[in-house]
Amino acid sequence: MTERSAPSVQMPLEQVAPEERAATLGALLFVASEPVPVTVLAQHLGCTPAEARAALQALAARLDAVGLLLQWCGEDQVQVVSHPRHARPVQRFLGLERTVRLSQAALETLAIIAYRQPITRGELDLIRGVDSSGVLQTLLARGLIEPVGRLAAPGTPIQYGTTPEFLRFFGLTSLADLPPLPAELAGASEEG
Amino acid sequence: MAVTVYPPLRLADCQLRLPTFEGPLDVLLRMIERSQLDITGVSLVAVTDQFLAYVAALSDVPPELLAEFTAVASRLLALKSRSLLPAPPQPIEEPEPDDLTRQLQAYQAVRAGAAYLQGREREGLRSFGRPPARLEGLPVAEHLAPVPLPALLQALWRCLSRRRPARQAYRPAPIITLAEMTRRLLARLGQRGRFRALLGDAPSRTEYLVGFIALLSLLRQRVLDATQETLFGEIEVWRIGSAAEAADD
Amino acid sequence: MTERSAPSVQMPLEQVAPEERAATLGALLFVASEPVPVTVLAQHLGCTPAEARAALQALAARLDAVGLLLQWCGEDQVQVVSHPRHARPVQRFLGLERTVRLSQAALETLAIIAYRQPITRGELDLIRGVDSSGVLQTLLARGLIEPVGRLAAPGTPIQYGTTPEFLRFFGLTSLADLPPLPAELAGASEEG
């Protein structure tokens, strides 16, 4: 707590009715901007820390229904936060979210991996005609591809394949749902 | 304790005698308001004089009477000034002081609201908001913009079709030497011409470069002279010296 | 809302499951420190404003148990605040000093503005029968009222309305908490 509330702690405080404690704690933790020690809460309720802890438990059970969560910071401090279950809409609401586009290079690489998996970086480079390591890192970080094995060849290079996240991203049920390659493309991609 | 009882004095008891009207003061006001009497023909000075004479005759003047007269007199004054002023082209809408009763009603009702608010203030029934969320330092989540499935196939197509030309046999571009280029320039230039035209139909980047260096060298040797009107514009070239010595260079 | 959340509104948003809406709204209004338009909330839930309103009703019913209150600022904006029932412990907890009482004139002026907003100073003077400029300055300085527009009339006088702080100050759920106007005055307010 900040120094604002410090003086009030010494004053004799009115007692909050036991059945009101949980709700009063909700109000106190709502207006607090930082974690609050249980002893401070108990003083403001006019009860013992043990009673305050019991009331906190009751509060915690009720917070879920309103999208909130009672968070313990160590043994002695609590705060109310938005429930992580609602993190996506909350992040979006607060503008803590950004939409990024897959680059052309990333999309091309992803397409090659999707149709030719499992595939090593060397094979990719050969088909694309350029170095693919940067793009591979991006796709790995986004969870669209993953290492699926190693080629039985000198250096045993890592082979990459698409992930379940890849299927979700394109709305596919399985890899069999990928549109078939036109004949001329199928030929060209075999060559590579 | 002695209690003085006043006879009920009303404005109606004040009888006026004017050239255009005879009767109680409040009737005068009513008639004027109903346009039954032209106020421009009424002397407000006379009305006031007669009221004051009436008041002076009373032993004790109740303040209510004075207040009532003031209200009626100011109403008369307003009516008269309005009748004397040129009428506006369109009537200006303004709240009629006639609304006084309604205003009082409104005021009474609002007092109930004020009392309610005061009650809540006394009981300290306040609510408090949350301090603004601190967003600095919070991670920004990145999400991929959705890509339609056909775009995947298109990407593959683009990649594979781009690869084909690269597989063609490597044919090195012919390299032209400075001496060759100098000869070419001089051969193509009659007396005067444009530098670009001297390079040919589709000069390569190398031809441009070597051609330009050849031109500079010919300028230095005073074989050619040149002008360029604008930056990056056409370069006009003309012969000023012997071609033979330049070609040997 | 501030511009922070503005960009997210244009994006196509994921839908929040209907049974989760009330809780998600609780989380959103918890992190928002200002009133939020219902339309913005609906966009973040991926539902219609009518569905958002229904979810807000469900949320309002659950908030009481955790010491909070859903406050309506006008017809279209909502905010979660601490419940006025817990005002005393909360005020003490925040270390807020006793507030200076509002004068009778200020309370009357506030009531008139609350009932008849948007209202100009001229209209106020007419109802109160006295000059209101001093009282208006006080109320503006305390953030209980604010300019909300200008009357389309000669001089385009400023119109005033109550603020969210007004609702918080008196712990009201909405302006509808004020005692209803008698029929004849409600009529008068239409004409005025």
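Remarks
We just call them A, B and C in the order they show up, numbering each chain from 1.
Throughout what follows, a contact is a pair of C-beta atoms (placed from the backbone, for glycine too) under 8 Å apart; a residue touches a chain by one contact, two chains touch by 3 or more.
Because the structure is a prediction, the values reported are computed rather than measured.
The most central chain, judged by C-alpha centres against the centre of all protein C-alpha atoms, is C.
Greatest centre-to-centre distance from subunit A is found for B, with centres as Cα means. Inter-chain centre distance (subunit A to subunit C, centres taken as mean C-alpha positions): 34 Å. The geometric centre of subunit A is 42 Å away from that of subunit B, both derived from CA atoms.
Chain centres here are Cα averages; for subunit B and subunit C they lie 26 Å apart. In subunit A, the positions touching at least two other chains are 27, 30-31, 88, 94-95, 97, 99. In subunit B, the residues that touch at least two other chains are 128-131, 133, 135.
Those residues of subunit B that touch subunit A in the shared complex are 128-131, 133, 135, 138-147, 149-153, 155-164, 166. Interface residues of subunit C, counted against subunit B in their complex, comprise 4, 30-34, 69, 71, 79-85, 87-88, 90-91, 94, 101-102, 104, 107-108, 110-112, 114-115, 126-129, 164, 167-172, 178-179, 181-182, 184-185, 188-189, 192. In the complex of the two chains, the subunit A residues touching subunit C come out as 4-8, 11, 13-14, 16, 20, 22-28, 30-32, 44-45, 59, 62-68, 80, 82-83, 85-86, 88-90, 92-95, 97, 99. Residues of subunit B that touch subunit C in their complex: 95, 102-103, 105-107, 109-114, 116-118, 120-121, 124-133, 135.
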